[in-house]
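Shared between the two complexes below is subunit A, which has subunit B as its partner in the first and subunit C in the second.
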Partner chain A sequence: MSTGFMTRIGAGPAPKDGFVLTGKPARDRWAPQRTFSDALKKRWMEGAVPLTLAALLYVAVIVMTPVGMSDNQAMLNETAQMGLLVIGLTFVMVGGGIDLSIGSIAAVTAIGSLTAHRAWDLPMPLVALACPVVGALLGSINGILIAKLGTRPFITTLVTLLAFRGIVKVLQADFGEELAFAKPSGTWDFLSSGTIVGLPIPWFIFLVVLVLAHIVLTRSRWGWWVTSVGSDRRSARRNSIPVERVVLMTYVFSGTLAGTAGLIASARFGRADASVAQGWELIVLTAVVLGGVSLSGGRGSVLRAVVGILVVVALQQASIVMQLKNGYYSVMLSVALLTFALLDLKWGKYRHRFAEKISIDPSGQEAGPLIDITQPGTVWSMNDLLTHAPPIGLGALEGAEDMIIDAEGNLYCGDRRGWVWKFDGPDHEHGRVFARTGGHPLGLAWDLDGNIVTAVSGMGVFRIYPDGRAELLANQVRRTKLSVHDDSAMLFADDLDVAADGSIYVSDFSARVGAAEYPVELVEMRANGRLIRIAPDGSTEVVIKNYAFPNGVCTSHDGESMLIASTLLYRVDRLYISGPRAGELETVLENLPGCPDNINRASDGTYWMTFVAMRTPMSDLINKWPAIRRRMTKELPMDDWLLPQLNVSCVLKFDESGQIIRVLWDSTLANYPMVTSVKEVDGVLYLGGINNNRLGRLVLDPSEVGDIDTRVVPGAAHTAAPMSAAEPTEVMA
Partner chain B sequence: MQSALRTVTSITVQKAGDRSMTQSSVEARGGSPAKASLRERAGRLDQGALVLVLTGGLIALGALTSPGFLTAGNAGTVLQLTLGFGILAVGQATVVLTKGVDLSIAAVTSVSGLVTLELVSRGMPEPLAIAIMLGAALCMGTLNGVLVAYAEMPALFATLGTGSLYLGGVTVWLLDSNMYTLPSDSFIAGLTQGAFLGVPAYFFVGAAVFAGGWVLWNYTTVGRMMRSIGDNPETARLDGQPDRPIVVAAYVLSSAMGVLAGYILLSLYGSVLTTGAAFSPLLFTTLTVVVIGGISLSGGRGSILGLAAGTAFVGVMDNLLTLNSFSPAWEDLTRGLVLLGAVVVDAWLHPRDEETSKSDDL
Partner chain C sequence: MSRLWGTLAELISPGTVRHQSVAPLEAGLRPNSALDAASVLLDGAEYDDLVPIGDDIVVSAGTTVLKLSAPSAAVDLGGQVTALASDGGGVVAAVEGRGIVRLAPGGHVTELCSISAATSCITALARTADGALVATRGSASRPYDDWSGALVRREEQGSLLAIHEGVARVVADGLAWPSGVAEAGNGDVIVSMSHGTSLERIGVADGARSTFFANLPAHPGRIAAHPTGWVIAFPYVRNRLSEMLLEEQDFVAEMIATIEQEEWMVPRLRNDNPYTSALQLGQLRVLGVLKPWAPARSYGLVAVIDRHGRFTASWHSRVDGSQHGVTAVVARDHHLVMAVRGSRDVITIEETEIHDS
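Right after this comes the complex of A and B.
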């Protein structure tokens, strides 16, 4: 199998809608709870809820307080200055740390730059350039302590908050008098009131840093290192990411930005004292948490964090405009911090669990009157006609759902271990593994060239050549537009048949669950399946969407239509694929007493079909009421779920008009506890069962055998004899 | 890191089947006295005794440099100075023992004085005001504990938020004045008055708190559970210990100590200002005492003796800074550096395990 396989997506007409067959009101078309669950599982939901709440808070502040357009200038100035700190802290927190000292670092450069200029008479451009460097140096103290010496980030930066503030106090104490006298300087003026491309300097710096930081965090190797160190230190270390260096650099980065913010702050106000930038750490931390940056590291976005600071600045402006007491702002901040921190923790922890819990969304399905198969003397009456059919491959086979017989009488069948067996005809005594697929081959059919095509559960549709080579034909369809759930994969190809033009019709019983979870479909009772056509050129299209558990697929004797069995709706439908009625859907059988499985042509112009399960009054009742099933799926493990009676071996024969002709049973359930597919070839009816350890070989009464070769595709202009290719096809590398 | 490497070596060697080498590496791991590293030997020392020795050294230094240091008056000053943060340290250390930290403790200290005096100034009888404040402390400690233990929020975040919430909330909704003075005939004022056998009465208050802590930590089931929860929360939980209620209890105790310390400070200084900050110097002093006293921030380790020694060390150091007329700015800087040094030593003695530590273990 080639590794880069891609199914070609065909551009066919819009698919027919199978939902109408359920007879349910239109509101049952959507499963809101399940859609909600699908949405919750999306990666973009991670930050969506905190961000939405933050945005709502912002709107609430703007609407409910006198904060208006006139405050925009002040708010944007504040945002630009605090935004730098927010970006730095986001990096540190995504890397799994925290930096409380940023306010003090900003204070050091704020008061330090003024001191250098006013007291030490250093040239101002040099001072301006030195500020980020000083910030980086102070940040590297944090980084070395935390990354190299292994101290705890929170307590370390809490202590450096105090220590750096000590520097500020010393500077203030020693140079307080000089600091009070403003000294003109072009650089100060430029920083405080200059513009670049029409933007004030602080805004310009902030926007440049924001864009760069976003690109670095999301698109660069170092940004990915930061994220992976924050997500899981151990994994990062074992993937030879230099954890210590990465952590160190986050603190240096944060310190650099804090140093720049300090410079901007003192340029903006033209003065600084010992309490400059006091309490900023709490403001910035609140903003970052509001913006959905996770406390536990590894998750967060610079852009979202900036939304957080907008909210915080709006709160601040509201408390200024409304002239509230000092305490109000800190109360609002701490309540916001606690609420959003709690939200982050609980949201991160319970989102998936909650989504999983509501992911199964059962719907009610009423069934028509139930035929009583226990009544003697009807066509349905139970018998033991199947019981004594001699076995094939007894003990060697595991789960041969379907089988197929070639021109020489050799038999091929699937196996749950991913194999296709070949039993030599005519006695089928000896068998061997003929091909390997990797999935569970279910339905089998001959294509026009005499090769096997098979629906492989969990893999897609394969073609098997006479030399045993298996080739993947298709495993994808076009994704439904606007569907939250990605339904592009063929999760469970079940049965298939080939039409006269060589296209393959395959039933995909669920676009939502795989083979191991098939009980979910039996419990949910929703139209989740579809019928897919694979054109001769290999492109795929959905022919019928929203079909409830499509199972058997069979080309009709005239080649103009396909018969499709709906396991959940106890019915068989006919889809016209050529001729005047092409595209129409017609009922063949409905209200059957069991859940139909594979359909295949019989030699006398009728059809054979099997039941995979039987309806009971009990199953009809619980299918009608979804609440009991909803509760069952929440409270019981899947093994304990109440499902339809799956142990059954019932084979029936019906004609084109939907008349039931004959029903064969193994009422003892001793030898054939489940028959899922039958094939009639040369007067012999072969019995397959997805849970059986054998196939069956039932010789039919000559009176009911016709002269149609069921291996030939009806209506096809030319069909090669099965497995007739004399020379094996060249195996491609 | 080093010990992890050693483990890896020994496993490799065991695979190679060389018995003698396995023997030697096992010895290195187990730490035979001859080959123990400096860290292992330092870790085995009783930090309490070590800090006591250091404190002795500081006292000797003080005696040499400051003439007024070794006087009874100065000893009283040191004792006064120490009493407040010593009591707070007992509460803080109990929380740290459970692998948490209480950053709201200084806020509770400010709040307790403010609320009580405000209520009294509105005409409420003092015992009732104190009772209400104790009830409020119970609520505050419970909120802290619930956020940490039940909501599983990192203790630092939770108490950082609640600290500023308590202080801000009281300022906004309760207080009218900027400064409160303690009436001299009040019960709180009496807390630190009088003497017994020539020793000031407040010494006995502090001694009682430390004795209580000693009994709690060493002789009660709750105290031992606190230690084991801090040492290894997972194991404690799997053991069936009621880890959550016990953590809540630790925070409640811490808040109660905050109130007591608040009253003691109020009683000593007679007034309280409303301009307290969430990160007040008192909080840092408390943390310094705890870390220097050997109550490791990694939880589960430490003794009351160490805590007492840490209290004495910080008290003497502060006193020396004042006597040698350091400016308040330099005092802050020095305190910060001392605390930083203590944190580094703690991290060196009890490093985080790179194999099991989580990213959010802040």
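Right after this comes the complex of A and C.
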């Protein structure tokens, strides 16, 4: 057994499919809208829509214009050169800034490198190496202004855009004549037409930078810092991230890449006029935004940004091939930039809310005819047998769904605050918090060693030892393959019972919602739950998947089967766990007038069960209309939702054959507005309620009390008396 | 397809999407629990309407009419008494299936108007300033107690009648279940549209209609004069869920066909059997407590509206309260006397919170 955070997953056989119990058509297995919502909530979706649209735009350009394979070379050259700028700008923007001066920085190194080589006669390899350094220095001017002096990124880089362009103009004016004459150099030739491993140098540099940048941004500490600074500066600072240094470094990085791009541009074209690299910032910015990098920081990836530049380059190539005037290209770029900027804003802001809105995907359900409990003279006829049961723990308890009684008559029960109470027997007047589990302890049972095992909603399954120590037994199962939704956590362990071999059967009411959102399950009406078995070695396996709201679980009197109540399907089924029919499901009760909850053994060889809610004509009707329930969940707050009548207290007794023997009610709702579990011990029926402020203690008529001790696990070779173990059993790690 | 567009529009700009909603109980209608503290004058019958006669008050209950001072001396009028008005020392009563009758102080009953329009679903009677008798008729095709039947079918077949010498003249028709009427000066009456959740001024002579108050948070019922304006009984409060469901016509058709009328998801006067009614989640009892702010199926509300159309005071019995379904109210000596059909009481409460306009 694990003492750590996550528990063991077993390798059991494939689970049985509980969907057949719903009687619904096969298409109801899938909830397409919900799956879409699940996908929308994934982190990788944040760039998916802009990226998909960018890819579509790319395809549209290729298909609708004469751009073809012959343009590939030119497009890839352009991509390699602009790609460096894109990567740099992505870093700056993920870090929450913007850099408009990259075009000018590239121009400075483009003209500067030509000047240094042609006018100043500096050795070319040195010039080539100096370009990135000069870019870094210019970038650091931006960085210092923005990070250290706190100026606004937009205005700062707009100013440096003009300032750096001024340097270019000065150089061009002073050395215009020398610049006009090309001077041979092996370095220039190598940069423009050389190859490394078969790749042109610009492509090679771009690919290396791309891979490194991607790894740095997604896998390195510094990359995470950049992302956190961009998404929330204040939290980043409070988490002791050196915000200023991180911001400074993004501009230095962007400047370095811009400097390199300038060098490559000079090597390709050798252009020596002052307007080199003019307007690149708009091209690069469009590409980055098309690639789904958020304008508000914190979100973006260099790989996606590169897809953006491919689209932009394709647009550019199309405008060249179609011989459009230069102005059209700018207009196209601006329209694309505006559209995607708007999309970025709305998508980033509303994606989660939208996913939440469509996350409830109801399915229709037709129930059988509703038994009229108001008819006098039937087994169901209403009475007030529960009303006057004296309370236990009144004023102390909050939401004790279930309870158990040990060999000495002490009572243990859960509490919605994450506690397990102990009330001293036999009068149960004094109680104290016995163990703390967190979550909300619901079903309780004795294991073979006399310890408590409890299903804790929101936490998993715990074992509680006689000294009050709580140990996590299981909180996860194997994730369903190919499921978008991660269903590995036991979100809502509800009830459990122990089988003769010591394994624990737990109902996990929903693999999708936690306890606070259980009404969602009552509205959605889908088979979202499952029955889980925890083997004696602590490993878990799903026994029945796609189970509609499994709730009560109870080992049968002969120990060969488990009785399982399905709250949504108004039925109880029997799962054989040993003997010749092991693995088979059999109907015990169906078409009940209410939603069954916990089941427990009675002393006379029958079973006690409760209803957590009553079916009503209106709730049955709305269950047939999934579209209306969908509208209800979208337009109305949860408090207005129409549900079965949850303010009920109904206890019933049935036998192995599914015959209802007796029904007990509190029609006044005065003391027990909801009864969710009952346990019979020593002629007393204890009443628990998940929303009640008390437990009840109803003394049964001796004529209906048998001689079975309901605390003993049926069929087990030997069981220790509850809470008898002096020392907690040492379990294997 | 329009649903898809709606969903997409909601994604791009949630602020532009509008869903219908119900006006909240606010300003002069802010909830309190005053009605639950009222003193009970009579209990045990479905008291429906009441009218002051001299120093006494005459109350209708089922097929009978009785005086508050002598409740045991009830007069049976042979049909459900659905509305009352004063008539000198006696009363005028609308009797379902019989027509409008006059009950003299001595107990002598005479027919006033027996034409068919006056024999069913008269929801309120009132005297105008010149002493003429006006009546509201909830529906031309449904009996008095079929309020919800007309609501779910969205029928608007009500009318305002002026009754004179045994003849009923239709002043206005096509009304959404009018269920209260009172003198409003200048030859007008003020009429409450129960299904329309509004108050209208209607000219008795020409039938000219104008809205006095639209989009009320509750279904208005009978109206009585008040020193500052009028006092209105609201038998039902609106419910967001039921109004949403009633927009779904196929669903409503199935509801009408398969479910008994008492179980329809519509506002009602009281809840007799919680075990057979569906629940709205806010009504869940947590730790034994029913929250007063839970969505209401039944509610108690009486409010004073001044002549400018402002609610100046209101008395409530919230979801956890017991005085639900107030069907009539009269104001007398700084007291309100109410017939509470839902909880089967006649109650009175002192007015303490009235502010003069």
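One rule holds in what follows: the second predicted complex is superposed on the first by the 720 of 733 C-alpha atoms of A that agree within 3 Å, B and C clash if a C-alpha of one lies under 4 Å from a C-alpha of the other, contacts with A are read in each partner's own complex, and residues count from 1 in each chain.
Everything below uses one rule, namely that a contact is a pair of C-beta atoms (placed from the backbone, for glycine too) under 8 Å apart; a residue touches a chain by one contact, two chains touch by 3 or more.
A quick note: this is a predicted structure, and the numbers were derived from the prediction, not measured.
**Student:** Let's test your reading of the overlay: on subunit A, do subunit B and subunit C clash or fit side by side?
**Tutor:** Subunit B and subunit C fit side by side in the superposed model.
**Student:** I want to verify one number. Taking the Cα centroids, what angle sits at subunit A between subunit B and subunit C, in steps of 10 degrees?
**Tutor:** Reported to the nearest 10, the angle reads 80 degrees.
**Student:** After superposition on the shared chain, which partner residues are touched by A:145: those of subunit B (first), subunit C (second), both, or neither?
**Tutor:** In the superposition, A:145 touches subunit B alone.
**Student:** Per the contact definition in the header, classify A:382: touching subunit B only (first), subunit C only (second), both, or neither.
**Tutor:** Only subunit C is touched by A:382; subunit B is not.
**Student:** Now for A:619: first (subunit B), second (subunit C), both, or neither, which partner does it touch?
**Tutor:** Only subunit C is touched by A:619; subunit B is not.
**Student:** Once chain A of both complexes is superposed, is A:97 in touch with subunit B (first), subunit C (second), both, or neither?
**Tutor:** Once the two structures are laid over each other on A, A:97 reaches subunit B alone.
**Student:** With both complexes overlaid on chain A, does A:346 touch subunit B (first), subunit C (second), both or neither?
**Tutor:** The answer is both, since A:346 touches subunit B and subunit C.
**Student:** For A:628, decide between first (touching subunit B), second (touching subunit C), both and neither.
**Tutor:** second
**Student:** Minimum C-alpha distance between subunit B and subunit C after superposition, to be given in whole Å.
**Tutor:** 9
**Student:** Which subunit A residues contact subunit B in one complex and subunit C in the other?
**Tutor:** Residues 346, which sit in both footprints.
**Student:** Given the complex with subunit B, which residues does subunit A contribute to the contact?
**Tutor:** Touch list, subunit A to subunit B: 96-98, 145, 149-156, 158-163, 165-167, 169-170, 172-173, 229-234, 237, 274, 278-279, 282, 285, 295-298, 325-331, 333-335, 337-338, 341-342, 345-346.
**Student:** Under the stated contact criterion, what part of subunit B meets subunit A in this complex?
**Tutor:** Those residues of subunit B that touch subunit A are 101, 103, 147, 151-154, 156-158, 160-165, 167-172, 277-279, 284, 287, 297, 327-330, 332-337, 339-340, 343-344, 346-348, 351-352, 354-355, 357-362.
**Student:** Could you list, by residue number, the parts of subunit A that touch subunit C in their complex?
**Tutor:** Residues 346, 350, 353-354, 357-358, 373-374, 382, 398-399, 519, 613-614, 616-619, 621-622, 624-625, 628, 631-632, 635-636, 638-648, 667, 669, 671, 673-674, 691-694 of subunit A touch subunit C in their complex.
**Student:** Quick one: which bits of subunit C touch subunit A in the complex? Just the residue numbers, please.
**Tutor:** Interface residues on subunit C, with respect to subunit A: 7, 10-14, 19, 239-241, 244-245, 248, 251, 254-255, 258-260, 263-265, 273-288, 290, 294-295.
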